[in-house]
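You will see chain A twice below: alongside chain B first, and alongside chain C after that.
Then we have the complex of A and B:
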């Protein structure tokens, strides 16, 4: 436990100024931050309460939909435009967490949620993400939920967000602001693989505030789905998940295809290898299986999570079957 | 308005509970109360090399930091009824024997200060490699002296080995169940207050009198100088049935700081220091005739216990009495591991034992090619083969028949993987179960004022199962009066003595005492509706002598339908239905709630629940309710239960048999058998899920 100061801000520039102080953290839904503060995993010196900033709107843009960072998960999941144009996004949100958490958690906070790795959450154990250089407790320990894609020697923790998987699939843009100005960060550049620095999870710099997430419209996004496999039917993290969207050419082949994976990777995982197999191909069981094999050829399981290769492939196939049915 | 036994009355305390008017342990308000927070070890085995509490003591408002260096001598051997005893590691020395072992108590004027100071207690350990698994080569098994129910650990009838050698069919398999934690929603909470040498503890407990005896023993007090108060308990399932660390620590700390002390456990602490259901590994071997008649039965139960105490999960007691197996050998063995001591958890022994046996029977039915119900009827025990006594009542045959009819068992096609709904594989599974009808000694008093108001008092507990409602119903019905005239006072050692609310005994024991006291009072009333002067009666109920010649059990027939996604391996319980022979039902609504709740717990056992332990460190890695998975509403379609409602005139004066725990008996096996029927895959290690169904 350590003392923490609290300040509610009323304007974005005020938030940015306050947030640039060392040790500060933005407080929005609080569903990750407060939880991890209780565990001594996140120990900010000051909390900047941004819940009263005017950043909750969902607006049309030239490219698509711009979702304010403070929009609640539950509000986004039932927004008619999201449901119609980005069904995978709505489904991913609806299958996340619990109803209570979805009513609290914000979209901006969602993409910053931390891994559920038990070693990350337990300050009594080693974790390179929580305490760089202390080692990885999971690699030789309990790793049945851990990643098989995008791992490094330092870290095999799974990225926990369902929503972020859909961002990876549909090339969403994370809009930030800071004392240095505004940035539009493509989701592919936003999430960092652990490599040697698993504590560096995103492209955010100290003081950066996420103000919105923009979903570019596409035919593939409008015909999309999110399949999530988990231990129980509600309130559980993905063992494997897949966001998939397709656009069919007049001849029935796949003119455009977007596939991203969750539950199996250290970051929201765009399945480029699978997409390369699928693009221009006829949608059928053989193609889907070949795409899944291509993507999971690079999988690197540890001691307890080899089941995720087969499960991940089947999840991807199910998502592709669903969107091409 | 009078009320009948069996009527589906709403809970009399429902409004009080949902509005917060019912006072739970942590909510009692005492003047000048201080707050205690525990510091628990981060290693599971070794020694405390160093404790630095200087920073903790320096926090303004800190009243005490109690460690093994300055703790008073607290008697770790709490004497009393064998099998219920606990050896507790009460800051006696520097040895660490399990993950999250208490190493310090920090007391402060407010909770925030206590938490802050607790975080500043710096402990260094000289850790040693713990034994975290029964497979550790350093772990060796031993025979306990007795099971947790004080039964012999080995049961032998006839010659199982010879009968197996001569059997036409032999089926053998090994089943495992993981560590499970009770996880009642209310955390353990104690407030201890001394008045000179008299001690009062407000506690979330399943037994105020058992706690009084043990606490008096620890502190060397006459029992009369200890008072335990527990009007409401927010769920228990067995882990509030013992005196654990927190009650002793709260009382010790209160004496040291000379103020009342409140100690509420955190969820992760509950996983380690208030018991769990131990890991079991059970091997069952049948020898049988070609028609499924079992001629030989062998059951080996290996379970975990702690390094410093013995708790024997009695998984073989059910298998000893359940079927008419002629040649039997059942043995219980234990392995010591570096976890806290296991304890009773809803249907202790029966939940694990019915899982293994009722799954093994499904395998035998498959091997000999007959219907699972037919196999059970072929081996039906008309009398208790273990105690060699008739059953007081046994309507299990009727449970099978009624369950099969209501569930639609006849629609099941025999072969595994032969039923589908669209893409989904459908499986039907069933299982039987039994739970012993014990009686714990209980007393109750009933008084009637001249205005007709009635007060019933007993030192029993409301642990969420509905004691207030059911006892009021019994009293009102015995006296043939409006239940609005009855007031109940429970959960206090100032009331007549009753034993633990455990083992599904409360209604049978306390309810019988209340009924007897009411009958006495009715005699005194002599037909008048109101007395001319205050009348009172007290009754004590113990196991009746005329029960001695009988074996008394509740029985269950459980039916489950699951849907399994053949590709994604997800399992959903589409339907579950249980039929129960529990004697006379006091309140149909409460009984249904108990059945459905326990069946849900069985679904959790089959599909979700397990305490995950790092095999290198013996550290619990999912000590929270997001990672320790319990069933959600979305996991279960329809769930329903029915009681036969046939009164048992032998078991006790009110004719009831156990309701609280019978619902989990056989539930996990019914689900596991349904998964096999759906998929053709026999998963023998619980829980079943997408990770293992692959």
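Then we have the complex of A and C:
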């Protein structure tokens, strides 16, 4: 691990000032940062400990629920309002990581967690995300866990967060603050596809601090689920996952439908093509299969991960079956 | 207080950690994890270093009553918190009920993961996640046991929670 300085801050403006210095990084749960500092993948010069800022509350807003950035995953997963109005969010959090990690990791940090791509995590190998221009070790290497949607020539790394998949599904808003003022960034604009710059993962600029994540309420969010498929029953990253929520019209058709995918894409993946098939349609096996085919028609597998097309389609169908049952 | 060491350009800090009810003051580099501070500086070697990357659970301790991984927690960031390690469980020579249950159920073989299992089990019981065997298995999935003592570990937790 490289030398680093440490400073604990007590106020948001103090954090923003300290965080705008080159080479600084915010320390919250530490579960990604300390792990990757040990691997010399992240090498900040200074750590700004924000865990004592008053940003952990979960509050009602006109639009829905505003979750403070420092709320722990475990607390959000068990909040009665989250469980009732956003069951997919609670389920995604419960199925993430382990009990210890959920007690540590914050909601703001969760959306900034880095990919589990083994080449990204190994500083001795090429990786365009870690060292721009060095190449991609995964494309011709071991890529059975890698993405089939949203990939680029430069990068095929999967976005690791389960929680972020539900943010994509329900149009969450990431609230930030910085020396330049406050921003409310829709989740669709927050996560950047790799394209030619896989090192630019989000819309955050240096010094931006996430202060809250807002979940707008909707009938589809209140009737939602999160299906996660992985190599073992618990404590593993998704091979494929799907957040789905529906609102039924009086005639039984789907008045509103939200579908997002995890484990198969470079960013939390809103399944617009699938939603276009489903919206206004009658929920049945043929419709679900057609929706899944529409979404995965754009999949681009590499040498070892073509199985994720069928797995991803089945995961989506199961989520839709579950939420319309 | 931050102390700059001009020889190394490292940044050391004097901190006081409250461990098992006792204040312990030490100078640490900002990079030192809570696990290394406990083991290497405070001679509390009960918490184990397995993977050192948050994947095995052997380093689990309670921080303000919640189970966390000491290998991914910086020691400087733990200042001000109540830290409980496996060494702090016994009271006047009496083992903690979870420790007693692990002995009674033979819930270990080599014992390396056991302190982390026990601290995680205490957290798991406090979280109320011991309704049945499947719930215990799910709630304890962050603690690996290479000897495969899982059935007895789950039995010990169920017994202690009972």
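Some observations on this one:
We take it that the second predicted complex is superposed on the first by the 324 of 325 C-alpha atoms of A that agree within 3 Å, B and C clash if a C-alpha of one lies under 4 Å from a C-alpha of the other, contacts with A are read in each partner's own complex, and residues count from 1 in each chain.
The rule is simple: a residue touches a chain if its C-beta (ideal position, glycine included) is under 8 Å from a C-beta of that chain, and two chains touch if they have at least 3 such contacts.
All values derive from a computational prediction rather than experimental measurement.
Once chain A of one complex is fitted onto chain A of the other, the partner contacts of A:314 are limited to chain B, with no touch recorded for chain C.
By the touch criterion defined above, A:24 lies against neither chain B nor chain C after alignment on the C-alpha atoms of chain A. Residue contacts after overlaying the shared chain place A:37 against chain C, while chain B stays out of touching range.
In the superposition on chain A, contact of A:51 is made with chain C only, not with chain B. When the shared chain is aligned, chain B and chain C each come close enough to touch A:234.
In the superposed model, A:116 lies in contact with chain B only, and not with chain C. By the touch criterion defined above, A:106 lies against neither chain B nor chain C after alignment on the C-alpha atoms of chain A.
Touched by chain B in one complex and by chain C in the other are residues 1, 233-235 of chain A.
Residues of chain B touching chain A in their complex: 42, 115-116, 119, 567-570, 572, 607-608, 612, 614-617, 619, 621-622, 626-627, 629, 631-635, 689-692, 694. Chain A makes touch with chain B in their complex at residues 1, 40, 116, 118-119, 122, 124-125, 137, 140-142, 144, 227, 229-236, 239, 307, 310-311, 314-315, 317-318. Against chain A, the residues of chain C that register as touching in their complex are 2, 8-11, 13, 29-31, 33, 52-54, 57, 60, 66-69, 71-74, 76-77, 120, 123-124, 127, 129, 137-143. For chain A in complex with chain C, the residues that touch the partner chain are 1, 3-8, 27, 30-31, 34-35, 37-38, 47, 49, 51, 74, 97-101, 103-104, 233-235.
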